[in-house]
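Look at the two complexes coming up: chain A is in both, with chain B in one and chain C in the other.
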Partner chain A sequence: MGYKAKFRVWRGEGGEGQLEDFTVEVNEGEVVLDVIHRLQATQVPDLAVRWNCKAGKCGSCSMEINGRPRLGCMTRMSTFEETETITVTPMRTFPVIKDLVCDVSFNYQKAREIPSFTPPKDVKPGEYRMQQIDVERSQEFRKCIECFMCNNVCHVIRDHDENKPAFAGPRFLMRIAELDMHPYDELDRKESAQEEHGLGYCNITKCCTEVCPEHIKITDNALIPMKERVVDRKYDPLVWLGSKIFKRSGV
Partner chain B sequence: MTQTTAESPTSKQRAQLKVRTLRTDRWWLVPALTFAGLMSFLIYGVWAIFDKSYFAEPYIAPFSSPCLATSCPEGARFLGLAPFGDWYGLPPGLLILGLPGGFRLTCYYYRKSYYRSFWLSPPACAVSEPHKKYSGETRLPLIIQNVHRYFFYLAVVIGAILAYDAVLAFRDEHGNWGHVGLGTIILVANAVLIACYTLGCHSCRHITAGRLNHFSRHPIRYKAWTFVSKLNARHQQFAWASMYSVMIADLYVRLVAKGVINFPFA
Partner chain C sequence: MERHEYDVVVIGAGGAGLRAAIEARQQGKRTAIICKSLFGKAHTVMAEGGAAAAMGNVNSDDNWMVHFRDTMRGGKFLNNWRMAELHAKEAPDRVWELEEWGALFDRTKDGKISQRNFGGHEYPRLAHVGDRTGLELIRTLQQRVVALQQEDEREHGDPEAFIKVFAECTITRLLKDGDAIAGAFGYWRETGDFIVFDAPAVVLATGGIGKSYVVTSNSWEYTGDGHALAVLAGAKLINMEFIQFHPTGMVWPPSVRGILVTESVRGDGGVLRNSEGRRFMFDYVPDVFKDKYATTEEEGDRWYTDQANNRRPPELLPRDEVARAINSEVKAGRGSPQGGVFLDVSSRLPAAEIIKRLPSMHHQFKELADVDITQEPMQVGPTCHYIMGGVEVEADTGAASVPGLFAAGEVSGGMHGSNRLGGNSLSDLLVFGRRAGLGASAYVDGLATRPSAADVTDAKAEAVAPLERTGGENPYEVHHELQRTMNDLVGIIRKAGEISEALQVVEKLKERSKNTGSSGSRVYNPGWHLAIDLRNMLLVSECVARAALLREESRGGHTRDDFPVMSADWRQKLLVCSAAPDGSGVTVEEKVQPSMRGDLISLFERSELEKYLTEDELAEYDAAVKES
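Right after this comes the complex of A and B.
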């Protein structure tokens, strides 16, 4: 059975704007993105919203629904009361282009700052031989759909814009962890994780894990293990001494 | 060159939302409960450290174990030792308080909980924090959190001592083996929960094999890592369960020592 839902949607360009109220028809089985599309089709033809797959796999329709970072296409209308007013705003951490569409170029810039996979020079593509247990950890991180909700919700840059130059955000610290744990990656990424990409800013409050639509355990499996690797390198005198005596690395 | 991405807005601004959060759920409830839970532990801890009824043969209160001061009763001394001599006149619990305390204080789970509930940084996800500046764990004093693994080593020793105390609790008040009282069960349950919490620690996970890139070359360490990872997945639950179990066990022993609960059921 359909009903009329009350929506408050952010409208505006370049950050200036306001929340506007609408009443929109909702049908059984619909998600928030469906309702946004109906709003666009019937009342506000110039409403800007980024979307693509409608299946929770492209990471395009990240928005904040009732203040929580969510994918519009994966948020069922049945999770709300029919009488509830649903507030939809753009991601708060990134500059707004128009309405619900953000400029997420911060993330692409951070991605470029991370050196790519660096295999040994004498191993050619096609010659990699790895056991499943050696790559399992990294594979979890490859599920990332780059919706950037983890970077959006992280208070380090959400509440402190001035930290953006120094902090790569959970998504890219996870990328560093993925490469650092890779059996064939030769680059030492521990020092740079801390000094250049701001791992020390993370205070492990786990919001990135809470909002991840792919249910990646970002904090427990990427950020904390990476913090521990940094401790090995920078803060643990015993490990430092052991590495000098036994000359071990990359085990 | 063809432009493939949208032009950046002329004024690169976030949405100028004036409210702290637009969340409509009770986001404040979890940090409030966490605050209450941690505060109750701290308040109990301060009382327990200065309470003198910490030993009732064969039970010793976990907050005062190992008892290393000369003021400890003969049977309460760990392996009969009193290494601190007569000069030490403060409560024996103070001598070892820093070891499990430091372990929990620097624990990755507790850091999350007190950063959220005490320091409000942030109080909940997508709720603005009240602080103007933030440097996280990049500088003093919070950079000291990186010492966690050393507290883990010490916590393993404390956990082993609590397990030893639990074994001794299978004796009655006259020292005869075979006794199983409520206190025995409580101390054993506490030792098990403490072990699950300690061994599920993120540093332990790293030490077993997390630091390796080739699990396949270290099958035994990988097996250990797999086991620790299972405990680690429930680290939060074990953190709370062990925190309350140690408090309950401690209170129970003190009630026995004060004569509120008596043998043979104790």
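Right after this comes the complex of A and C.
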């Protein structure tokens, strides 16, 4: 059943490193993360990799497998030829701490820059009433497991560190969309999405959607609608006037 | 060495830890949150089914008293009844408050929070979001922490002025000043540098111990850190013999063995069958539950649409019953090809409905096992899931016996008795996370002086030791042997001889673990981290095995082949573990549970209590009923 696979894994710390070759046993049904763990247990005990749930639910084991951003725990070994050399590298957009572990603090910084959910003050806990159909749009975005692979793959920052200060990345632009579509959120987020969080940088190449392990349609359902809302607001004088006259009831 | 001063240090950033930290910060305390993983990755994300709270949105007959009764029954009346009472009363408020912080639960037709059926719950009670409720909970609490930080930034110019997250940081020792807590010592995973927290109050919220078992639904973090830290600091653990084996974990492929298959599959209509196609759970309804469960498939099926006139199907018995039944079927040779039984939802619901209600199960089986659950049955078997035992705490405040030490969530003991109902964990961590945060804050307010900074020389030497041993034993091998031992000898069905054998192995492994070494630097070195975690896993495993050996009855998450019957005398007794500060000399003592308050025990029928209580206790019950 088992066979010996050829792995090429990026190893290093402190800004330096190289790809190292390993031959390692693979058994039926295993995923890439299993093989990384076997390397740890048998050959390189200090090989650094993040992981938690091993079931695609926590978004910890993001890595690049043969150049594609993937969750190590959800990448079956059976998707590769037995003779193939499998190259595993850390996410490219974030600084490497060691081996496959990156410094993802960029994402936590951005999370803190997005104003939080702002409900009306007069609705008490237990009094929220929302229809399923109205929560489903935001629920799709709340499926996000924060693996940060969308931010990793996005060309706006992948090879352009200089764009990082001005761009929240797909993950957090989607968070803005999520809040904007929340039936009870009262904040107007359109202008800040464009002006402060860099929505305009996105030119909808859909790379983020392609790598999302939760299959969230980030571009179609979050970023494009958000762009449309921004445009509506910016160029439609009636919408602009309406937004000034009628306060959103929130319900 | 990096040193910080806080009012409250919360160890663990799952649901209980975050809720405790939010409360402490809301009470104006300077609060540190310490997590082994990145912020937002804790094991709570794995909770799938929902949070149990008697809101009565789907069935208006539900209320806290029904929830209380279900919880006590599920725990076979060994629960700390005060905790069960507080939990049932406060869970609705804790769930509603999440909505105010941005959570989006699935809705009923009239726009309220929808509630689903689950094992052991009389009415649909679990607030949920598809089958990813834990993720919603952790994200909401995480975002609440961020909201508080934004508030602090506006007010004080520093988002971390009052609440700060120390991510990928592991605590290895609690520090004391005399008898009381004085802080915590640990290391940064990223750099291997040490870090010290000086604080009068510490809240443990570190979750469970599943990584002492091979087949488990738990992540690597579940190494019993909080349990061990508490014992080493002089606190006591109770109920450690009670471990929940969730009946439905994946069994194939081998690399995913143990990963959870949510109980919602059964709550939403899924059935268990053996290799002969029989719905075998009808053969396993124990006497104590006989009148509450359907006796025919027809009645069980009708229950999903008409709960007033039918009894629930036995697939929805509490988890301990279902896990034992599956174990027996497999042992009797009626298992599935890969050593489990069949869990089928494909013949029960339309494909689109399955994908809507159980999206992550559909995804998980498709991606990891090449099984389409809308077309064919899953194969499932028991997996180590949850420890009912934990730090002995005061129900109202979460305070442990060591002044300044608090615990909430899975690391605390008592609330769930001998077996936890599904859905009672997410609500537990909200209710008691908040209470521990309040308890810790009140404790700090009541102090005349702060503890003086503790010496960390020993803690430092202990942590660095594995790195200094060259050519020491491979920690991964010691860990693996522990996992096999606990799985095989102190697993779902136990015998005195096997438990004693396990204790001998654990003793040897303790010696070997003192010789484990790790090569490489201090920077993000998993081998070193595991060598440190082994101390905790071994200590906790010893507590589990010693308590399991003493309890000569079968109840909930503790089944003794040599003592198969539940005993009313044992129901009154708790087993309390303690140890020396170096982890040696683990002792287990019996302690008598206080009797249930009159107004609470009167919520039950005498005929039901007769199955659990001694004659003397029944006399107390009669007196209580007379009085009311």
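The criterion applied here is as follows: the second predicted complex is superposed on the first by the 234 of 251 C-alpha atoms of A that agree within 3 Å, B and C clash if a C-alpha of one lies under 4 Å from a C-alpha of the other, contacts with A are read in each partner's own complex, and residues count from 1 in each chain.
Keep this in mind: a contact is a pair of C-beta atoms (placed from the backbone, for glycine too) under 8 Å apart; a residue touches a chain by one contact, two chains touch by 3 or more.
Treat the numbers as computed from the prediction; the structure is a model and nothing was measured.
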| item | value |
| --- | --- |
| Which of chain B and chain C A:E28 touches, first, second, both or neither | second |
| Partner chain(s) touched by A:P125 [first = chain B, second = chain C, both, neither] | second |
| First, second, both or neither for A:Y201, with chain B first and chain C second | first |
| Touched partner set for A:V231, first chain B, second chain C, both or neither | first |
| First, second, both or neither for A:L47, with chain B first and chain C second | second |
| Partner chain(s) touched by A:H182 [first = chain B, second = chain C, both, neither] | both |
| Chain B versus chain C as contact partner of A:P90, first or second or both or neither | first |
| Partner chain(s) touched by A:W10 [first = chain B, second = chain C, both, neither] | first |
| Touched partner set for A:K164, first chain B, second chain C, both or neither | neither |
| Doubly contacted residues of chain A, that is, touched by chain B and again by chain C | 13-14, 97-98, 101, 103, 131, 182 |
| Contact set on chain A toward chain C in their complex | 13-14, 27-31, 34, 40-42, 45-60, 74, 76, 97-99, 101, 103-104, 108, 111-112, 115-117, 119, 123, 125-126, 128-132, 135, 138-139, 142-146, 179, 182 |
| Complex interface listing, chain C residues touching chain A | 37-43, 45-46, 55, 92-93, 96-97, 99-102, 104-107, 110-112, 114, 129-130, 132, 135-136, 139, 143, 146-147, 149-150, 159, 190, 219-221, 252-256, 259-260, 360, 363-364, 367-369, 474-477, 480, 518-521, 523-528 |
| Footprint of chain A on chain B - complex, ascending | 5-17, 21-25, 108, 111-112, 115-116, 121-122, 125-129, 131, 133-139, 142-143, 146-149, 202-203, 205-206, 210-218, 222, 232-233 |
| Touching residues (chain side chain A, partner chain B) in the complex | 10, 12-17, 64, 66-69, 84, 87, 89-90, 92-98, 101, 103, 105, 131, 133-134, 153, 155-156, 158-161, 163, 180-183, 185, 198, 200-207, 210-211, 220, 224-225, 227-232, 234-236, 250-251 |
